[in-house]
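Structure first, commentary second.
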Amino acid sequence: MKLSTLSYLLLPIVVLTVLITVSAGAQSKKVEIPAGYFHSVLPEVVGEPVRVESFFIDETAVTYEDYRNFLTDQPRWRSSDIPAIYAGKSYLKNWKNDLDYGDKKATQPVTSVSWYAANAYCGWKGGRLPTLNEWEYAAQAMEFESSDDADRFSSELIGWYSAVNANQVKPVGSSGIENKYGVKDMFGLIMEWVEDFKPPVADDLSLDCGTVGRMQGSSTLYGYAMSIRYITRMSFKPISATGMLGFRCAYDTVQNGNEPVNENQSTD
Amino acid sequence: MRINLQTKEGATMKKLKYIALTIGLICLPMLASSQHSMTEGESHSDLKAEQSYNAESLYHMPAKWTNQDGETIRLADYSGRPLMLVMFYGQCTGTCPVLMQRTWKLYSMLDNRIRDQLQVLAVSFDTENDTPEALKTYAEYEQLDIPGWNFVTARHTDVRELAMLLGVQYRQRSDGHYEHSNLITVLDEEGKIAVRTEGITGGLDQAASEIKELIKPDLQ
Amino acid sequence: MKSLYQISALLMTLIVLLGVGQSTVQAQEYMMDGMTFGMPEAVVYTEDYDGPPVVGDHLTLLPNLAPLEYEGNKHHEVRLDAMVQEIEVANGVSYRAWTFGGTVPGPTLHVREGDRITFTMKNRSDEEVTITEPGSEASPFMQQVADNNYMNAKPGVMPMPHSMDFHAGTVAKDDKWRTIAPGETIQFDWVANYAGTYIYHCGTPSVLMHTAMGQHGVVVVSPKEGYPTDYEVDREYVVVQSEYYLKKGPSELYQYDFEAAQSRNPSHVVFNGHQTILHDQPLEANAGERVRIHFSNNGPSGTSSFHVIGAIFDRVWLEGHPYNEMRGMQTVLLGASGSATVDFIVPEEGKYILIDHEFADAEKGATGTLKAGPRKR
């Protein structure tokens, strides 16, 4: 208990300024997440708060229309051109053709994309995929009036993991779930790729009956929901693509040389 | 005072409210010092390499790499020749020098005619610090500034992609250093993963003989 | 063009698995006490398979058990795909179940002690799979579902990782029971070394969630030498007890209630997956007949005190093993994943109630009917 309250104590010390910048183009807003600590459910760090440096993250997940723009500019990632090294047959399986995702999907989060495609998209945008810790830290940055409210939310989240309907994904921004910095839909819409989706301890955990027990360091309801998410991610291969799996991008606060790809100049 | 998602009991929180300030004052220096010690010792924990999930040619990779001389390289440039790949970072004082020397050892175990065919690509994770200039200095310092060896970097997402293709795990710690797998991979002339050898200790005879088999007899 | 890539993707995956993958120690088959151990390493691959999700002659819908029409041992080819089906579990209560083969519990596999099984499972949780249209390759199970879709199963899509753990198999779980991602297929061999009735279930964490969501069933392994009363048995059925932990979701559908599952407070405790299935479709027998039930408590977390109102178990083989014989039992106590094969004589025409004599469970649904006709001989 002492350890799990550490982040709680430290949070107010971090200056909680929220900077929202609007990136070029029609792409959604980027939201700055200030540095801080969070609790992971991985056994190597149970009880120990994990430090995360500040970073920017997309306010919402990448949509079908966003992704179509990427495909228009980067033919290499279209279904008919993508090498087998980067995607399996489930890649964009619900698209009518290379650049046509069908009706009424423009603002829905794009799914059925492989890790490689998501990584390439974010690189094209001048960003990268959020790391697992960044994603979890941002997702967890929610506040509730009482621990009962927090538990109620977590309970609904577990219910959601058991009742997703991948055939009816709603538009981005529609989940009504938002962290305290304004990042939307990290829960309740889809699951999202992260840069290191299979953390190094995945092999040791080996995904068996005892894994959840070993993961639940904080033994909160939210800890259980988290372990379901970690485990699901760990089961993926980089070419996995499912109707529930999309992504959003992250960006360094310091320049790391990852400039956006010039729209007129293909990487080919 | 608000409750976050991993708060177990509200009651405990309230109690802690009164001592929060005191503990906060104590905790901060403690945290600072623990981080300091990590930087100092650069306590390197090695990450086991993942299984590689692909058997296709890596020559499909479109990324442009920049070497220590500022030249642009693509993996497809190596088409028709085997390529030895190793991932590292320049500011690494832990296992990387050993890994690089190991790469050299494996390379030097091959006879001249094979070495003429084999190219070496050392790829840095550290897109922030490993500029071409830094890589040149590194290669010279490690006495690896030899023909056929390229020290390269690229965009962050390209480095990540290559690591994923090879099964190399790495992640940056908050002190700026990286935890990473120690893996040497050799691609065959078509760009497919043909040889993998992991770790910084142990014999390299098997890897060397596997590499030898990759070279066409008429070229040997 | 795309299909070329698909083919190469499949080949690629196979090559990776055979070649580049860091394989575990190569297993060597060996015999001990007349049993076979040391199965080859499992293979995980991707395939374009969109055929029937249940394949194999000896897979049936509960409470049926396929006859073993062959002598000695057989090598079975069994497919049981993992997929999502919206099913009804009680009047007005439906949820999107995670299933093996489309029903909860999944199909019952019947083999003989010493049989070898080559098992294939594709994780089809990311595709709609219809289970009421059996193809020519399909198992008898699928025809039985098509004829009697009591749970009103409808396909759903909910991509999740899954795995298969056969309690009847003796293998290294980190190889054979490993978790596969949506779209992947796993194939492995196991030998039914021990006679008895064994549960199978998904072993992917949260294992409580996966089993409570419906991923379990049974394998009946008949003893090589049979049970002593085999020639006197007139009827043979399989009954599986299990719990659901459901609460109403935002729509009409119910969903998993984590807190109820954690505190072992099921919303429904059922026989053969539905609160009323064994009353609407009672087991049948006649007075003076000897009935055998392979009864399994699949949990995930509850115990069962199985009793048949109006009968006494003439013989009970705990776990279904012929050496574990007991006689004259009123109730058999079974923990989670425990089973028993019971014989009883149906005394006279009328109704007999199968029940979990833990009445809290019985009143949540753990009852069924055996309807007995008049004596025939």
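Per-chain residue numbering starts at 1, and chain names A, B and C are given in the order in which the chains are listed.
Simple rule for what comes next: contacts are C-beta pairs under 8 Å (C-beta built on N, C-alpha and C of every residue); 3 or more make two chains touch, one makes a residue touch a chain.
The model shown is predicted, which means the values in this text are computed figures rather than measured ones.
When every chain is reduced to the mean of its CA atoms, the largest separation from chain C belongs to B. Comparing per-chain C-alpha centres with the mean over every protein C-alpha atom, the closest match is chain A. For the pair chain A and chain C, the distance between mean C-alpha positions equals 36 Å. Rounded to whole angstrom units, the spacing between the C-alpha centres of chain B and chain C is 46. Mean C-alpha position of chain A lies 24 Å from that of chain B.
Counting partners per residue, chain A has 83-85, 237, 239 as the residues that reach two or more other chains. Touching two or more other chains at once are residues 53-54, 56 of chain B. Counting partner chains per residue, chain C has residues 8, 12 touching two or more of them. In the complex of the two chains, the chain A residues touching chain B come out as 1, 4-11, 13, 38-39, 51-53, 76, 83-86, 115-116, 119-120, 122-123, 128-129, 131, 140-150, 153-154, 195-196, 198, 200, 203, 218-220, 222-223, 237-239, 254, 256-259, 267-268. Note for the complex: chain B touches chain A at residues 2-10, 12-13, 16, 20, 23-24, 27-28, 35, 47-48, 50, 53-54, 56-58, 60-64, 127-128, 155-158, 160-161, 164-165, 169, 171, 174, 179.
The touching residues of chain A, when paired with chain C in their complex, are 79-85, 88-90, 155, 158-167, 206-212, 215, 221, 224, 227-228, 231-232, 234-237, 239-245.
Touching chain A in their complex are the following residues of chain C: 1-2, 5-6, 8-9, 12, 46, 48, 95-96, 125-126, 128, 156-161, 163, 173-174, 177-184, 203-209, 213, 247, 249, 253, 255-259.
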